[in-house]
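In the two assemblies presented below, chain A is common to both, partnered first by chain B and then by chain C.
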Partner chain A sequence: MKFKKIFNDQRVVLTLLTIALFIFFGLRNYAFFNVDFVIYPLLRDGATLTVIGLAQLCVLSIGHLNLAVGRMAAVSALVAGASYQYWGLTLVQGAILGVLAGALLGAITGWIIVKSQVNAFIVTLAMDFALLGLVTFIYVTFTGATAAFTTKPAGMDYWRSKSLADFCLGPICGPKALPMMLIPAIFCLILVSFMFSKTRIGRELLSTGSNLRAAKLSGIPVENRVMTAHIFSGTLAGIGGLMLAYTNGSFTAAIGSQVMLPSFLGPVLGGTLLAGGAVAVLGTFIGTMMTLVIRQGLSVQGIGLETLNIALGLVLLLALSVGQIQKMFTSTKLREKK
Partner chain B sequence: MKLPVFFKNRMTEFSLSVIFVIGFLALVLTSNGVFLSRASLQGFLTYLAVPIAIGLAQMVVLCIGQMNLAVGTMGGVSCAIMAVLMADHNLPIWLAIFIGLFSATAMGAINGALVVLTQLNGFIITLGTYTILLGFQYRLVKTFTIDKYPSSLPEFGKRNFLGFPYILVIAIITAILLSLFFSRTIIGRRVLATGGNPLAARLSGVSNNRSIFIAHTLSGLLIGVASVITIASLPGINRSIGGDWLLASFAAPIIGGVLMSGGTIAIYGTVIAAGVVRLVDIARAQYSLDPSIVSLSVGVVTLSTVALSEWRRRRTERQNEGIKGLI
Partner chain C sequence: MKKSLIASLAAVALLLTGCSSSSDSADSGGEFGAIKVGLVPGGAHPYFQPWKDGGAAAVAEFGIGGTEFNETGEWDQTKHNAAIDALAAQGYNAFGVFGVSPTDINTTFAGLKAKGFAVGSLASCPGGYDIVKEPQKNSADFCLSTDTGKAAYLAATAVIKEMGGKGNLVHLTGNAVDANTIRRMEGVKQAIAETGGKVKLLTTITDIDSDLQSATKAVTDLLAAKGKQINGIVTTAYNPAVAATDGVSSTKLPIKVIAIDDDQKILDAIKSGVISGTVVQNPWGQGYVGSWVLSALGSKKCTMNTPGLYVDSGSFLVTKDNVDTYNDTRQATSKEILAAFQNEYMTCKS
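Let's look at the complex of A and B:
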């Protein structure tokens, strides 16, 4: 019986599926097992997209959506890049400034939603449009035709290209396949997971998401929690934006323009409900890795960008329908029991 | 007195018309009358047709309280289908246009069917179909520009009727037909009822699922019209078609007075708002500003319009509650 219970866990199934897919693609083409060119970048992108997925998860927990995750990431990268280029700040100082910018944007978004009572996805969509213009405008005004901040602070390449193999405790070094970028991602995973499972704020967020009225009647400061969720989302999007920029090597307006779909794929595949009230923090990482394995696996097979898009869109729609079918099955089962 | 649908929500539409006229005159004055020349007026009107059509396509979905994120790629794919059929398979123009309209409508119908089957918000479904269709669009067009179709189509796009390009006339006629659909037909009224209050609609015997399906299908058809207009107004079709449609499609109806919560339409408002956005675009070109300034200002205006209309709605609600309290 215990065996069956393990397989009922979506995360276990998803992990097994991801590993199976990985082995499948690897057997079709041995180049897929290459550490330097496939596994290392795969995990590095996975780390970044997991953080952005967590940014989406924070607002999904209260049943909202954040369509501006990518653009919040872009603003954070913009602020950090500007601080390196014009104010000569160090890597850490600029990064803190960038993350603060993300948090501030999240706070503004949350405030607009609470004050105007407009649907979150409309506010974040409009926010996305406004920030798109703003970010491009700033890059073009300050840097002209290059439209990028290219100053690299000391230590940026370390995060970008080093792995745990360079991180030694005495004689024992980490494996070469694990990128340094995994460290901030794991840090975020632990923090978000701790918040949702152990703290009061986390539980209040989840109950706000599962039933707003009930939460309000039980004395939860619902409006504050909406703000909280959006601030967390902005902060995590900011961290994700910095990770994207460090991986990219320069700060451009294109940062974050491709992350909207992946930011939903990770949490939703992992088992986060779109309607709010249930989150899957570790599932976000596994879901993100699965989509990346599919993407990378198909491109190693020599399949072009166009087919990748089709595959990813189908994965999203399938994941959503599977959740719906499950719900239908449970409701019919319940009816039969009655 | 019963007023036609055109004038129901007059305040927004009246002020937009005034803004349009003032903006138009300002452009004429600052350009020393160059804007009134045949060529530039022609350009202004020709490229107004697409924003109107995609604005209406988004409005139809907004009126049931959902949104269609796939407008751009749906248009891109149906443009690509028409161009490929005409250029590579030598299909006659009328057949290609028919297939283009049909395929866009079918894509809308698939969106609608998926929303009804999964009972999820249209936003997330259309995000999925957006990605899938983007793949198909890239596959069809690759990195080429397809322009080897009969030149009579682009020539039609250049022709005009009393100074109005035919394609703008097509967009206006579509708008009028759509307004008749919502004001005169039972199906149209039912769709609006679903948008206004799904529960009340169901209790009065309206099938919400059918309304959702119809709204998405109609949105597809309107995107089909937009892509026919696009293919007639551009010299060739490449993979960038539809890439900049999303913001425009939201801006026109929202600035025109359509509520995001559903239940309202503003056809004249959408048309005139598309005109105002187009004026901003022209002004940008005239003062040689960066294109990003347009999306920045349009985004900010859209955001503040949404906030304002919601604030107004809540104020009326509060006033109504006050009345209820008195009774």
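Let's look at the complex of A and C:
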């Protein structure tokens, strides 16, 4: 009975599925177990996409979408990059400025939604276009042919290339497969998880997403909570943007341009509801990792571009259907018992 | 429930920490047969397709262990890095790479070099500095690419000549924040400046090289709005070139066009006189020469005299006069570039 309960948890099923896929790809081609070229980069990219997924999760919790999540990441990277290049700030100082820029953008987005009462889809779509123009304009104006801020503050490469193997307690060092980039991701996972499970703000966000009218009648300041969700989203998008810039090596307009769809994929695969009211924080990490394992697994098999995308789509569809298939089996069994 | 979840995650962690590297670094032998070259463009684009044939020709001619063309980068630096990693995991030990982001790719090159691989920057050089003056800043062993500014200048000069040295010119090109595009824009502006004001740049349309549909729409809108004012169009990106050829052909406007690259549509349009010509680049030569140089470096047979050296892979004006013979010229130029690497740019063991 307890065993059945465990398997009704989507996160457990998703974790087992990810492990199964990982082993399957590894057995098909042993190169997939390579630490340097597969596991380490997978976890590093997974860490970044998880943080961006959490940015999306924050607004999904109230039933909103943030289509500008990638551009918010780009603006944060731009601000941090400019601060390193022109003002000579340290890695941490620039990072703080960048994250604050993300938070400010989130606040502006939330404020527009609250004041205009226009759907978040429209507002964030408009914000995405506006920020695309702004980011491109600033890079071209200030950096000319380079179109990027290329100054690397001390410590930037450390975050890109080092692993927990560089952390030692006496003779025992951490595993080489775990990148340093996992640390900010774990920090964000813990904070977001704590907020939704242990704080009043978290519960109010979920109530707002679950039933706006009921939340209002219960005395929840829903307009404030809309602002809160978008501020968190902007902040996390900012952290994700910095992680992308540190990983890739410079601050460009292209940062975040490809993360909008993955930002939904992780949370939704993990069990977060698009309609709001329920979030899966750890599920976001597991869902993100599963998509990356599938993609890189197929890539290591040497599958071409078209086949790769078809196979990726089919496997994801199957993974998304697992929950539904489980429910079907459960309801059939219940009917049989009756 | 939580305990079971933690147990599952612990299992993953155990699996990860228990894994060991199967090929931590490149350990190339002394022969070309031990070298497997990964040719990795930033994503799918017709421009890069001749890399496959160029690489295959090098394998057949020089006995290289093999080449693999991987275009799964999808124009995203993160996915591009993942594509390179996938090849490295499969045992590829030399890489010819087109960087999605010119300012990011040096970081990728440095990572590959640190693992002992031979790395060449093909079709685009790392950005953020002047590669000709400061080759030491290139983390790859060399850069073999079109001099985009020079190619754009060549195209603009040719179209201005066709326009009779006066009139309004339009420039159609790719991503506005790409360093190569900015060099192309400068090349076109230089050719216009040399006319002493007789030719005016009516407009430069950027960001229309992502796909043919958006390029076609931009050209259709342009010709509908300003078709009669335009005397010449110079295109410095593939999709706008095809779209401009189609647009001028269907509207029959008396606009002189110099395109870029050698799509069959463009070649047919040159033969039928719809457009004046095209500037072709040399992706075949990049694949062919690049594969040999990477094998020579990977096998430790040769070393670069100037690490990070930039070499122009060539650009050629094709008109009705040489449309049937330009490919021979291009292949001959590729052999000359290869000879220059062997005799001038590298020092090789006998």
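Just so it is clear, the second predicted complex is superposed on the first by the 303 of 338 C-alpha atoms of A that agree within 3 Å, B and C clash if a C-alpha of one lies under 4 Å from a C-alpha of the other, contacts with A are read in each partner's own complex, and residues count from 1 in each chain.
Definition applied: contacts are C-beta pairs under 8 Å (C-beta built on N, C-alpha and C of every residue); 3 or more make two chains touch, one makes a residue touch a chain.
Just so it is clear, the model here is predicted, and its values are computed rather than measured.
After overlaying the two complexes on the shared chain, residue contacts for A:Leu308 are found with chain B and with chain C alike. Looking at the shared chain after the overlay, A:Leu217 reaches neither chain B nor chain C. When the two complexes are superposed, the chain touching more residues of chain A, out of chain B and chain C, is C.
In the superposition on chain A, A:Leu43 contacts chain C only, with no contact to chain B.
When the shared chain is aligned, no partner comes close enough to touch A:Leu27: not chain B, not chain C.
Once chain A of one complex is fitted onto chain A of the other, the partner contacts of A:Arg295 are limited to chain C, with no touch recorded for chain B. In the superposed model, A:Ala147 makes contact with chain C only, not with chain B. Legend: residue contacts after superposition of the two complexes on their common chain; A:Ser321 is shown touching chain B, with no touch to chain C. With both structures placed on the common chain, the touch criterion links A:Thr136 to chain B and to chain C. In the superposition on chain A, the residues of chain A contacted by chain B and by chain C overlap at 136, 140, 304-305, 308. Interface of chain B with chain A (complex): residues 67, 114, 117-121, 123-125, 127-139, 247, 250, 260-261, 290-300, 302-303, 306-307, 310-311, 314. Put simply, chain C touches chain A in their complex at residues 1, 4-5, 8-9, 11-12, 15-17, 19-24, 44, 68, 70-72, 74-79, 81-83, 85-86, 88-91, 100-108, 111, 115, 127-128, 176-179, 182-183, 186.
Across the interface of their complex, chain C is touched by residues 5-6, 9, 11-12, 15-16, 18-19, 22-23, 29-39, 41, 43, 45, 48, 136, 139-140, 144-148, 150, 157, 160-161, 175, 177-178, 244, 247-250, 252-254, 257-258, 282, 295-296, 299-300, 302, 304-305, 308 of chain A. Per the touch definition, chain A reaches chain B in the complex via residues 65, 112, 116-119, 121-123, 125-137, 140-141, 260-261, 264, 274, 304-314, 316-317, 320-321, 324.
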